[in-house]
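Just so it is clear, A, B, C and D label the chains in written order, and each chain counts residues from 1 on its own.
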């Protein structure tokens, strides 16, 4: 039963990811008063890509062809760890938050390799920048996450979340810092403005797009899907860690449905905020990114310290 | 019995060395044979033939070496299983101090590490040493010193008194020095060897003094005596400092690491593998033995020292590694990084131990030893892989390589596995130990000391940064070496390695990397015995180490849990599903097309990212970490010298500890020597004056 | 006691024989035979001592106890191996036209003369005779230093002569003071017999003995090559023929140290202060450090190793100065292994110099490629002298370090520094010589490396395990000197 | 102690001591080689007389032998040899300009005092005569070294060396009534051989740097100029 729910939750994750992307795009269009595509547009794109015949460069090796599957399944595994609608699921025990970060690293590793595989300047540029940014983002993220895990004294997400739930609404300065840090990291990691711009193909600025420039057909579909999934994962992390209310703690149908609605609501709000931010802020130069992430790291550190000094001082 | 296995390991390594030294003695052997064995079997004659002899000899030498490795593994496993502590004495050494031998769980664990590495190397060796010309690089020297090197390392683990410990330790150093100097026709190698031996000497002296401090508070040099030394905490700290200096020198911690990236790469690759993968572990063993066993009561300040040093080394190591275009130098630097990580976790263990949380200390200890084990596996794997690449392409500069994944498919697979484990991706062994390290760091809440409580998380974040950078670094390595388009004719012409043994060795290590990543609890339970013997404390609950889960902190999955097997299953499921779904209809197979060249045409290999290009953002961001001198000069010509004909780019990156630590010392010694030399004036009357003045001085002193 | 007389007789005969011999062809071999016989005699002596313990001859003229017996054997052994090496070496020098037959005659007869002096120093029981023999050693070797008659060699010999002569004169004054102190408590004739003095040491007048020790230390210290009395040593070593350097480093320095230690034993018996010990420690440490620093600036290979001799003698002096069973044991062991190793090194150095045709180190390159035996010999020898296990030098240095750590912890720092600096100084010069490609014009020479192998094998053996009889002698000597046993 | 209370033998010894000391002072200040050698011979003679007196008054017969030896070596042979050397090399014409002679002399004087100061602790164990004799011989020895340090000529060095020997010998005779015979003979033998060797060396040195100025023997140094 539990396993069933776990698998269901994962499929939900996978299924809802494009929807979130669509919704985000829609919000941005509203804000930039353009005419918005339908919410289901991402699904259509994916379907189209899946049915196309992929074109592969003659310089590509087996790694280039296998990489999309690896990336996608790694991201999906990450999704199994994060509680979406319910906590205390068995899958979340098989791997904790550190492992989840590990999965992201795994996907990124192969994405970067795939970028290098063709031997074009674009691919190299993309992977180089991607690895740089991520290697700065990872410690910041872990700092933020550690703040939570030290508060809950566990690295197991679902237990941590339920711990926050039990405590009810406590005003923790550390959480405020951690939340902000995590948001910054999420923006960097999912390649949104101001760090990267998913909609442009201008070689001076592009990072993620540069790596996948050579992909087409189902491979491209998988990678796109994986990145949408990643976006949603971060969203859910932020939503469920810092304002977990509404998530199902028992597996009754009512609770689960309630949880689903709750998370969708939260994500919708988050997407709106993100859209606003992306509309207001301009993309920054590549070599300002370290200041940006440094700030995120600083916040994470402050969160940690304020936890140690203000909240858990002996 | 178990001890017998250990002795066998030592003796076989020695025997292989001796046998190798016969490689130029064919004539003598023939003479002997004619003299003594009248009716020799056909086989011996066959072996002694002119063109067979060297081949057979090499075979035999490496077989013996392999046997020693096998015996080492057996001995290690059996002592770990039985949990016994075996002691013995050998009638060598000083008249009042025979060689004391002790074989316990700790030694056993490191025996296991060395054994595995040696087996792999001996499989690999025959194929690898093949391309050395006997005239310039005599196999006699190589084989002899390899045998002695391995023997030295094993003896260090067996030693139970300071004297034999030092003998074995120095044997290890000297033998490896000769191996570093093996290809001594290059001045760089000679310099590296000199630096290496100098460092080894200084380190050894520091270690001797460390023992000396203990010995002067006890009677005798046996470890038993040293264990019972009553030291004041000051003297204990002095001893600890000396030990860290000595063993750290060998382990290559920042800032005294500089010899390491010089020395390790210039040895033959299988030796580099042993040095980087195993010898550093022996240094680690020494530190653990010294701190946790001989100096009983650990102080948490020491832990902080190790923590800080470790963090520095980890970050510094990986940052320096990033910038290296030479594959083996890069690997050597990454050894510095991994040693740094191990030191960090050991420091955590010390801190927890002194603050009265032995179970957490055990956890840290576990993480440290486990990482040591893993590092031995994948660092060996990578060095052996580098050796294959070098053998096939005669090239170690990764800017000259590329596209090897098509030329050397098998090598590329094992190398990929190595890269994935070293950049600690889930499902591989590197990740597990790193995960444990994080778990240890996260237990900081139990501490009362505010400083520690805020220091440890920071170092944990530094660990995260290190891991991420390592991933970036090895993306660079694999991507530039194996992927893309060949950048030079050498890599164009490369072929897969023919020799079965070399592939077998790498496959063995790669397989172990994967299996240990999936079933870590096997190794963990072994290490648990070690910590049980050394700290008298195992992980809180044994059922936590079921084959499926690792839940190091609490018995339930309450606090932290990782089940590689489930993860693997999940991954396979997810992968298969989408694979099957997407590949279902056959007419949508791939279409192969030329790479998109933005419509300009003529993509050349030189358009690819190079190593320095790949790491440029990192270099900009952490610019302070190196001494960079970067030059771009353009040749102008044409009308008014306006158009750029060619652009020359040169980049030279140097370690900070050269100008800050090493060169001042060198200059100082030379200056001092110059001053001192002035007493040798050459005028006899001055000399008479010396003796005159000395006489008067002494007479005045005594009266 | 017969073997001792036999020993002196043989060498005496040797002097005369080579002085007046007719057939000059195979003097080298004959020399080997002489030394072989004396080695045999010493072994016989050693067996006697082993069976009956300390031997004191009639009217107490000679004394062989566990302190000097092994030194005697060592002397004979090194004398033999060096003569084995010197036979082809001197032949080669003669072919190069550096020497004439008469000089060879002189060489061999003085070789025996030197051996005689050494045996006399070691076996005699009379401090006065010891002095005479020590002076005799100088006189015997001084002509050998100038054997090549080059301006440098003559200069070196002159310095050697004057400095050692003056130094030794001071030692004589010390001896006289000793005698002076002795005659106050006993009769004249036996008053210089070491055994007697040692028995009644506690009755001797401490003030006089202190002054006497200063003179003895400076006198014999000049011969040991203690800084700042060392200046003759590198010159004499570098300019004389290599076999001479080998025996000077291997034997003469040892015996001078032996003399100092004998006198120290008396002084310690008389004065119950550590004055003697402190003096020796400070001299030793100074010589150790200065010698180590000098290594860095050498251009001549034989000078290099003569400085390393200074450094090691300094270490031994320091060890004996520290006193205590461990340090003394270490000192005795170090005397043995150092002289073995150093003479072996000088043998290889001699051949290396012949291979390259010069002693300038920047001209000697790629020995391993040119003549592997010599190259490896030099390298291994240096490894051993630099104090790497499993060679015996390590054992003694290890013990010295620990003993120092035990009694004077802070002195370990300069020791450490010295060892490190000395090591660097040696290797920065040795590595380029042995490694690398061979320059054109370097040809292999006819070399007999048996001595090197023998010596290094022995040093290796001593490093791994000290045979029981030797261990007994060492420990008995330790008891004699330091009053307590390490066992 | 006052001298009139001593017996005659002691008075002789003391005056001898004074004379020996004087001679070495004269040598120290001496720039002309021939006079230097002459002074040395005189010192040898004084030594011989002392020995003879000691032999007579202590009727210790082997001292006679050493007296004869001294006479033969230090009064006749060595001075003769050195004199020949000087004449052969025409060194008797030139005077060696001693660097700040007065300082050297003052130094010599203070050395005398110093040697008394050094040997003072012995005084309570022995008769002051012995002390004086020892002190004088010590100072003779030190003066000999000073002579070698201050003079450039190899011959002067030999003289200094030998006068050091004289000092020792004086100490041996006076303070300890002569050493055992073996030692006496050994020392004499050494002195003889040394003298011969010196002769040989003069030849070699002249043939290599055609001068006897030891300051020219400075090829083997390690100061980089």
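To be clear about the criterion, contacts are C-beta pairs under 8 Å (C-beta built on N, C-alpha and C of every residue); 3 or more make two chains touch, one makes a residue touch a chain.
The structure presented is a predicted model; accordingly, all values stated were derived computationally and were not measured.
Taking the definition of touch as given, a chain qualifies here only if it contacts chain C and chain D alike; those chains are B. Contacts with chain A and chain B are shared by no chain at all. Annotation: B-C is the more contact-rich of the chain pairs B-D and B-C, by number of C-beta pairs in contact.
Distance from each chain's C-alpha mean to the overall C-alpha mean is smallest for B. Note: centroid distance chain A to chain D, computed from Cα atoms, is 101 Å. Taking the mean of the C-alpha atoms as each chain's centre, chain B and chain D sit 70 Å apart.
Measuring from the averaged C-alpha position of chain B to that of chain C gives a distance of 43 Å.
If each chain is reduced to the centroid of its CA atoms, chain A and chain C end up 78 Å from each other. The residues of chain D that reach two or more other chains are 118, 121, 145, 148, 157, 214, 217-220, 222, listed in rising order. With touch defined as above, chain A holds no residue shared between interfaces to two or more other chains. Residue numbers of chain B whose C-beta contacts span two or more other chains: 674, 677, 680, 684, 688, 691, 695, 699, 703.
Pairwise chain contacts in this structure: A-B, B-C, B-D, C-D. Residues of chain A that touch chain B in their complex: 50-59, 61-63, 65, 69-70, 72-74, 76-77, 80, 91, 93-96, 98-99, 102-103, 105-106, 108-109, 112-113, 115-121, 123-125, 127-129, 131-132, 134-140, 142-143, 146, 149-150, 153-156, 159, 213-214, 217-218, 222, 286-287, 290, 297, 300-301, 304-305, 308-309, 312-314.
Per the touch definition, chain D reaches chain C in the complex via residues 118-119, 121-122, 125-126, 130, 134, 137-138, 141, 145, 148, 154, 157, 161, 164-165, 167-168, 171-172, 175-180, 182-183, 186-187, 189-190, 193-194, 197, 200-201, 204-205, 208-209, 214, 217-220, 222. Interface residues of chain C facing chain D in the complex, by the touch rule stated above, are 126, 128-129, 131-132, 135-136, 139, 142-143, 146, 149-152, 154-159, 161-162, 165-166, 169-170, 172-173, 176-177, 179-180, 183-184, 188-189, 191-192, 205, 207-208, 211, 234-235, 238-239, 294, 297.
Taken together, the chain C residues at the contact with chain B in this complex read 158-159, 162-163, 166-167, 170, 210-211, 214-215, 217-218, 222, 227-229, 231-232, 234, 275, 279, 290, 293-294, 296-297, 368, 383, 386, 388-390, 394-395, 398-399, 401-402, 404-406, 409, 412, 416, 419-421, 423-425, 427-428, 431-432, 435-437, 463-466, 468, 471, 474-475, 486-487. Within the complex, the chain B residues that touch chain D are 674, 677-678, 680-685, 688-689, 691-692, 695-696, 699-700, 703.
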